[in-house]
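One structure follows; several queries about it will come next.
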Amino acid sequence: MELEQAEILEHREVAPGYRRLVLAAPAIAGRAGPGQFVHLRVGEGPHPLLRRPLSVAGRRGEALTLLYRVVGEGTALLATRRPGERLDLLGPLGRGFTFIDGREPLLVAGGAGVAPLLFLAAEARAAGRKPLVLLGVATAAEVVGEDELAALGIPLEVSTDDGSRGRRGPVTDLLAGRLEGKAIYACGPAAMVRRLKELAPGVPGQVSLEAAMACGVGACRGCACRTAGGYRMVCADGPVFDLGEVVFDE
Amino acid sequence: MSRLAVELAGIRLQNPVLAASGTFGYGREYAGLVPPARLGAVITKGTSLEPWPGNPPPRTVETAAGMLNSIGLENPGLNHLVEEDLPWLAGQGATVIVNVVGRTIEEYVAVAEVLDRHRGVSGLELNISCPNVDKGGLAFGAAPETAYALVRAVRKRTRLPLLVKLSPNVTDLVRIAQRVREAGADGLSAVNTLVGMAIDLERRRPVLGNVTGGLSGPAIKPVALAAVWRLYQVGLPILGLGGIATWSDAAEFLLAGATAIAVGTATFARPRAMLEIVEGLEGYLACQGIANVSELVGRAHG
Amino acid sequence: MSRLAVELAGIRLQNPVLAASGTFGYGREYAGLVPPARLGAVITKGTSLEPWPGNPPPRTVETAAGMLNSIGLENPGLNHLVEEDLPWLAGQGATVIVNVVGRTIEEYVAVAEVLDRHRGVSGLELNISCPNVDKGGLAFGAAPETAYALVRAVRKRTRLPLLVKLSPNVTDLVRIAQRVREAGADGLSAVNTLVGMAIDLERRRPVLGNVTGGLSGPAIKPVALAAVWRLYQVGLPILGLGGIATWSDAAEFLLAGATAIAVGTATFARPRAMLEIVEGLEGYLACQGIANVSELVGRAHG
Amino acid sequence: MELEQAEILEHREVAPGYRRLVLAAPAIAGRAGPGQFVHLRVGEGPHPLLRRPLSVAGRRGEALTLLYRVVGEGTALLATRRPGERLDLLGPLGRGFTFIDGREPLLVAGGAGVAPLLFLAAEARAAGRKPLVLLGVATAAEVVGEDELAALGIPLEVSTDDGSRGRRGPVTDLLAGRLEGKAIYACGPAAMVRRLKELAPGVPGQVSLEAAMACGVGACRGCACRTAGGYRMVCADGPVFDLGEVVFDE
């Protein structure tokens, strides 16, 4: 775990509401694995107070890539920061994905959940695996990471809510017939993950969860999620958990 | 560093900057960034006789210049503390104050008795002010007589310095503190969190799984400072906390009457905040020509 | 606008957004920017029988996402209200609630009696929760029985709708509210400011001339919201306030149980905040297909 | 009183820690007189919460000039705003200076207190009067407004704490022998104003006071100052008061 004042190298909108942020963060980039996250300070004064967790979406040498969606006050403030400025980063944090031997990676992403999976896909490729990425978004314009995946020769299939690209409907509709011999790596809204568990009961898999975080390091016990073994901390025990282990409400 | 050395309720501290209970875990989580030995003391997460699971999520939500938490005192229990955390903290050379919680007086007493024999513990902080549990916590701290009874019972079974952590959610803090003093406490911690809540407009339901939570962070600093100011008249040494984020915040608490201060929520935003506060106070004292930090204590009372 | 029309404690309001006492003067100061007739109601500055000079300066200081004030209820007195301000407000077509203060029960009663006969007054708000005066204010609001006695005495002398403004600085807000109800109040205003303070590091003295002050603004929103949530069980209509700055803040208060809301400190930062909140609520109701704002009241209780 | 979203036309440091801000504020500029102020929002979120009062330091057509010193959080934040951005301004507020007939204006400024006096000096000149400006600052580099005054042919005398320019000592040391037939217009630290009252007992004069402000319009009763007639509000009864009327502590 490092605390680093990382210089912004690149920061731009890559799709409506989605931004890509590239940072010079040698200490953190050197140690980050897919599924891990950084905890990032968006302001300087007493408000907004807390850091924001963002998954590592890629790295190249000393550069760390983040990919985020502007959803509220903190991410809106982050969006105003310009190249050359520095951001206060804590990371890499949490436990990331681990490859399951003998099974090819099937990556299932919903919206901004694609961020950690882009990093995972690249690492899988580098390790000689054959990942396939399924991505569900609201509309065609929100497909991000496509060029990156294409450059690595990683296939991508898209579903959209409005049918403007790929199949109309949830990304889980793309699963049929694709589960054989695969291990699932997922990140997206709770509804997506719940459906995934229903559709792929026997398939081994891992999921990256989200929860509101204060400390990000396991100290405050704030980011509890329900698992078969009781409450666990998303920041320290996760964010990546076994798909089988995660318990949803209702 | 002797400029900063203080004694708080019989506990010798190399500096007056402590890690607040529940925000620094057992020291281990932040160890890479904040060596626990460089703090005045580490106050542990609230510790109960048996492990407690805590409240249903969500447990935290951000608010204007603050946050709400409804952790519900999740903790791995006394045995874990004694077997894992205290040895580790001792190995680090940290001064340790254990924050104690229970559902009944007997549970508080039982924890205190075990820790009384423990060399790695410099003092106890009785949490009678957690707003996030049904039994225990604020149930004892809301009235002078229940607070008295609890402190008295624990006092009989331990010679360790005893701090009692008070809630700001009361009409007459001073009255409670006086009874706590009469029960034999060595010092007061002020304050714990304020009761608050947030509502999720989409779901039209409370955000927190436990409905209400405790408000902490810069937002509550003025309330905490006023509490310390008023408690100064009680005559017990005070550990001041609530919203402290900078050395100048810390100095305000000292001037209001706190002998030492603790930093909670600020650590989440700036993990090294406590170390920066130590440096800041050191620099302030040097530049004002003040030989020891205790000279500031209570000075704003004129 | 009928989507927004509500009745609060017997007072008909065209919308549920009121100007909080002490932050909108008597309506005149902001008239160029906020036509008082466009608000649910104007609650006047706390008004006493005789003029009050207020506390020594400094009277305000900014804090994290909030501010402290120790105005001390400076006001030109009842005569001035009756002769100058009420006629002006009536001319503007504003609905008016007068916030009443006094040092003794008799003073409150005397003000209430005079206003009872006044056509330009739609209701009274008894301030038993101002933390900035020695006598009166919080002296009455801190305990169930003193609150009861005051409200009972005033109730006997006026048929005007009676709101009682409560302090969050108490152990058991609900108990006080219940007694206030038994005394004949028609509604509750919650909350007044939290006691807080700030210290000037240069002077090593309290910043405020009156030492402590009342904390308001976004910082206290979670505390105020939790107060409204709890008071909902008392069964009286509630005017919710404390830190409201946006229409979504307002909606949270309605969902927690407030029939209407008031905006205080936010007006200082954004003089048109109240009008923006009216528009925001209107838009929200329209887009959610809600026929009247009262359908939201208390909904977060599930 | 207008609420105006004013575009920043110019914003730069004019001396160490002092910044000049020129705004396109047609509604406010058109009505502002010397001694009046604007109440300015420095942030957007809940912190910092309150507006900041700044005196009008000049106007030219629709442009309003402010001159401020960076002293704390709010002014530091203001200093980051760039030309092209908009600032939320409430004004013009308060009661300004009025000329006293038959007496030439003697303007006495301490530090940033020069701001309203620059505007007053220009107006005095335009009205055919013969103002003289006395300015006290810590050190020579902090002398601001000099070019402006010179362009209008208004004489300026300086004192500095460190003697790096003009007389060493407080600005009130420059008063001797200059009070005859004058009316004083002052703005500066309390100590300066107090000394002024001592040194010029019979001389008519006005002073612009400062106090922490919430509303800025007389509604909150927060900005009380002591006067012979009891508490008065700096924002609405002032900020300019008769020198004789103002009462200082101790």
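Should a chain be cited, it is by its letter among A, B, C and D, assigned in written order, with residues numbered from 1 in that chain.
One rule holds for everything that comes next: a residue touches a chain if its C-beta (ideal position, glycine included) is under 8 Å from a C-beta of that chain, and two chains touch if they have at least 3 such contacts.
Since this is a predicted model, take the numbers as computed values, not measurements.
Student: Spell out the chains that contact chain C while also contacting chain D.
Tutor: Expected: A, B.
Student: Farthest chain from chain A, comparing Cα centres?
Tutor: If we average the C-alpha coordinates per chain, D ends up farthest from chain A.
Student: Could you please state the distance in Å, as a whole number, between where the Cα atoms of chain A are centred and where those of chain C are centred?
Tutor: 46
Student: Averaging only over C-alpha atoms, locate the centres of chain A and chain D and give their separation in whole Å.
Tutor: 53
Student: Quick check: how many Å separate the C-alpha centres of chain B and chain C?
Tutor: So the centroids are 34 Å from each other.
Student: On chain B, where are the residues touching two or more other chains?
Tutor: Residues 64-66, 217-219.
Student: Among all residues of chain A, which ones touch two or more of the remaining chains?
Tutor: 45-48
Student: By the document's touch definition, which label belongs to this structure's chain graph: line, ring, star, complete, or other?
Tutor: It is complete, because no pair of chains fails to touch.
Student: Provide the residue numbers of chain B that touch chain D in the complex, in ascending order.
Tutor: Residue positions touching the partner: 64-65.
Student: Would you tell me which residues of chain A are touching chain C in their complex?
Tutor: 45-47
Student: Spell out the part of chain C that touches chain B in their complex, as residue ranges.
Tutor: 63-66, 68, 142-143, 169-172, 194-199, 201, 204-206, 211-213, 215, 217-223, 225-226, 229, 243, 248, 251-252, 255-256, 299-300, 302
Student: For the complex, which residues does chain B have touching chain A?
Tutor: 22-25, 29-30, 32-33, 45, 53-54, 56-62, 64-67, 69, 71, 74-75, 217-219, 245, 265, 267-272
Student: What part of chain D is in contact with chain C in the complex they form?
Tutor: 1-3, 41, 46-51, 88, 90, 211-226, 230-231, 236
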